[in-house]
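One chain, subunit A, appears in both complexes that follow, with subunit B as partner in the first and subunit C in the second.
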Partner chain A sequence: MRLFGKYLLILFKSQMQYRTSFWLLSFGQFFIPFSVFAGLYFMFERFGQIRGWDFYEVALVFSVIHMAFALSECFARGFDMFSSLVINGEFDRLLVRPRNTVLQVLGSKFEFTRIGRLLQSVLVLAWAVSQIHMDWTFAKIVTLILMIMSGVFIFTGIFILMATMCFWTIQGLEISSIFTDGGREMAQYPLNIYQKWVTRFFTYVIPFGCVNYLPLMYILDRTEGSPVLYMLSPLAGCVFIIPCLLLWRFGVRHYRSTGS
Partner chain B sequence: MKAYVSVFRLRLVNGLQYRSAALAGLATQFFWGFILIMVFEAFYSQALVTQPISLPQLITYVWLQQAFLSLIMLWFRDNELFQLITSGNIAYELCRPTGIYGFWYAKLLAQRLASAMLRCFPVILIAAFLPQPYRLSMPVDAVTALLFVITLILGLFIIISISMLIYISTFVTMSAAGSLLMFSVIGEFLAGMIIPVPLMPDWLQAIVNVLPFRLTADFPFRVYSGHISTSEALKIIPLQLLWLTVLVALGKYTMGKALRRVVVQGG
Partner chain C sequence: MITVSGISKSFKVAKRTSGVRSAVKALFRREYTEVEALNDISFSIAPGEIVGYIGPNGAGKSTTIKVMSGILVPDQGTCSIMGYTPWLDRVAYVKNIGVVFGQRSQLWWDVPVIDSFELLRDIYDVPEEEYRSNLKLLTETLDLEDIIRTPVRQLSLGQRMRCEIAASLLHSPSILFLDEPTIGLDAVSKIAVRKFITRINKEKGVTVILTTHDMNDIEALAHRILLIGKGKLLFDGNLNTLRDQYVEDSAASIPTIEEIIVRMYKEYQIT
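This part shows the complex of A and B:
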């Protein structure tokens, strides 16, 4: 953990060397989801609701997912860019060091410009929370935080999975964006608006449903039966990272250096 | 002219080499298409009033967007050109016996076309045979189809003129990332890539209609789906031509200016 902190600090300092570029990129990162959000807003202005969800409820989901995505892109960027490590053969260097590979890959890159995206989703979250009429109990706030955490874990898990694929394919595949960008885009609406098979896939295989649908039901008091289950469902999302890590270890054992 | 054509051909062959990348892209595009359609479907399922564009028209719109993505995306960029400018290799480029504007224009055009050729036919073919309601409908008659092709090509020329302006701005700023990002995010929104133009509120549509961005994507797609009638389309095509001339003239002018004071970066 101390080592992770050091990695964080050093990379932060190095990115801060290019201050203007940093701010410009952060600014840009602020605007990308902003335009998507504007689109969302205009859609709701026209239609009013989507399968019974109103604008602020969807905005809540939107902000949670985007926040989770921003955080995991910032901290798990090393896995996202992993293919370049394999192509250059730099992964060999990590293997000979007496530390965990996961930690080292995580520490190889951070993308602090995602702070723009994060800021944007915090603003949306604040707006959504202030507009939804309901009582915020302590349990609900905990659930909300769990949702974000769980989202971070899932996105990180996907990044790790995609990085693991690089052990075999060497090159990063564009197809991975289905699960990262696509997952984000899809999970910004409550999952039950989609066809059954999509909902099932993204609840049982990749547990986005545990982030944006089940706990949301609890927060909005729409649950039937025991609320505790709904409340704790984000934890199931966190569990997703375990098979990913196992696969990663399997992949590391099968790693063959490209030698360049 | 011959020089431009051969640049164009070389680039096309180059782009066609990456077939597996195109295949992966294809899968991605289908996923995106489905997600977008399902979201719109959910919105439409409980809409009380009739909307300005019908759901089948919208689905066609989405598939066309996915099929011609590389023709209409503003962020589709050539890093080589950026590097030319920032690394100083622009000096070689200036030695060539062809006008640099036309040369780059041909390069960008070929790149987009190569990428689109690999993607658009499979997407259109598969989307045309999907079960309802996901199917891509065919244009109502031959005239519509012809108009679609014309408007799409004109739109392509316009988008390249716009992206040429972005490249030219690199001469001044040296770092393209920031300005490019802003430009493309706003441009794409105004082109109806995030939500289709007919679904935007009226005040926004008024702004969008004045700007050239929607002529590149939104307009040809609506012509295809029949949302814009033939007679109306014929009225807008001159507007496309007008924008094209303005943008190219502006690009040539600013490029000439930028080149006169170009600093060849050493290194």
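This part shows the complex of A and C:
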């Protein structure tokens, strides 16, 4: 963990060498989700509600998902950009260092410009929280934090999964966007507005439902039965990363025996 | 110290043909050919040796280095280095080796060299005292004092290579793998690098295995050479024996080492 901090520091120093580009990119990252959010706003302006969810409730989900996405793009960028590591042979270098590969790949790249996106979602979150009329208990705050954490784990898991594919294909696969960008776009709304199969896919296969729909029910006091399960559902999202890591290990073994 | 026996490794390489039509066809079905990169390679190296590993391009030099440094798992054969099998005990093993890939940097491009060194210290978990004394020795002998606070991207190739070599020795490894350490360097830097390699070998007893195409490197450094061609080990021995062997039949003039190597390549038909 300490080493992770060191990696973070050295890459932050590198980033600061290019200050103008940093500011411009961060600025861009602030406005990309901003325009999506504006779209959301105008839609609700026109229709009022979607399936019983009002604007601020959806804004809450939106900000949680975007925050999770920004954080994982910042810290797990190494996996997102993993194909370049394989193509230029940098991965060989990681293998001759006495550390585990996951840590080293994470440490190979950070995308600090995602601070823009993060800032934007923090603002939306603050706005949504201030407008939703209900009592914030300690448990609810914990649940909210768990939601964000769980989102980070899921996005990172998808990045790892797609990076693992590079061991076979070398080239990065745009297919990952289906699950990361696509997942983000889907999951910024409460999942029950979609068709049944979509909801199921994003609950049981890629557990975005554990990040937004289920805990949201708890936060908004709409649960039936025991609230504990709803509250802890984000933890199930975190579990998603385990099979991803196992597959990664399998991929590394494959790489080392084929050298491709 | 290093025992390699019967290492073989083959790669599946996709057949490439020219033309758009076959490229499109290759999208759906590819034909592969097996290329034997290494074929039954065996040798052993004693502690403190400097071994030059030579052969034409594509002979399998880098593959051997990759196997010995734990990056690749061979199809067959065993390899024991300091009691470890490189590809099985990767993390424990690589603490004891330093690797320089001449064509690739291990330094962080945008920050001063010293920052890279400090990060490497943390990656290898080098005790502070050991790090200090190593750094001092390395900056003195490689003449890094003036460049250590410069960002890597502003260094010349020669300066960078000196830093690369220093970077791979910060954790005091007992074996150093150098994959083309003098590629693209000017005469001054080449000689500096060579001198340094000799010195750490003498003073610290580091075992050095280097691959190169520059025969002067071999002449200046290696007492022993391994010649590999088409995946097979063709010659293993002393440079002088080799020279004697070829000097006899060319009485007219004493051939340079370069000429000897060309003749060897021809004799073994590996060019």
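Here is the rule we use: the second predicted complex is superposed on the first by the 255 of 260 C-alpha atoms of A that agree within 3 Å, B and C clash if a C-alpha of one lies under 4 Å from a C-alpha of the other, contacts with A are read in each partner's own complex, and residues count from 1 in each chain.
We adopt the following convention: a residue touches a chain if its C-beta (ideal position, glycine included) is under 8 Å from a C-beta of that chain, and two chains touch if they have at least 3 such contacts.
Please read these numbers as outputs of a predicted model, since none were measured by experiment.
K.L.:
Just from the overlay, do subunit B and subunit C fit on subunit A, or is there a clash?
P.N.:
Verdict on subunit A: subunit B and subunit C fit.
K.L.:
Touching A:182, do we find subunit B (first), subunit C (second), both, or neither?
P.N.:
first
K.L.:
With the two structures laid over each other on chain A, which partner does A:3 touch: subunit B (first), subunit C (second), both, or neither?
P.N.:
The second partner, subunit C, only.
K.L.:
Quick check on the superposed pair: does A:194 touch subunit B, subunit C, both, or neither? Answer first, second, both or neither.
P.N.:
A:194 contacts subunit B only, not subunit C.
K.L.:
Using only C-alpha centres after the superposition, what angle do subunit B and subunit C make about subunit A, to the nearest 10 degrees?
P.N.:
For this superposition the angle at subunit A equals 90 degrees.
K.L.:
Figure out whether A:46 sits in contact with subunit B (first) or subunit C (second), or with both, or with neither.
P.N.:
The first partner, subunit B, only.
K.L.:
Of subunit B and subunit C, which one touches more residues of subunit A?
P.N.:
The larger set of subunit A residues in touch belongs to B.
K.L.:
Enter the shortest inter-chain Cα distance between subunit B and subunit C once the structures share a common frame, rounded to whole Å.
P.N.:
When the complexes share the chain A frame, the smallest subunit B-subunit C C-alpha distance is 7 Å.
K.L.:
Help me check something: in the complex, which residues belonging to subunit B touch subunit A?
P.N.:
Residues in contact with subunit A: 21, 24-25, 27-28, 31-32, 34-35, 38-39, 42-48, 51, 175, 177-178, 181-182, 185-186, 188-189, 194-195, 199-201, 204.
K.L.:
Which residues of subunit C touch subunit A once you look at their complex with the stated criterion?
P.N.:
Its residues touching subunit A are 9, 11-12, 63, 66, 69-73, 87, 90-92, 94-95, 97, 99, 101, 104, 106, 108-111, 115-116, 118-119, 122-125, 151.
K.L.:
Can you check the complex and tell me which residues of subunit A touch subunit C?
P.N.:
Listed in rising order, the residues are 2-3, 6-7, 10-11, 13-14, 17-18, 88-90, 92-93, 95-100, 256-260.
K.L.:
Give the list of subunit A residues in touch with subunit B in this complex.
P.N.:
So the residues of subunit A in touch with subunit B come to 21, 24-25, 27-28, 31-32, 34-36, 38-39, 42-43, 45-52, 173-175, 177-178, 182, 185-186, 189, 193-195, 198.
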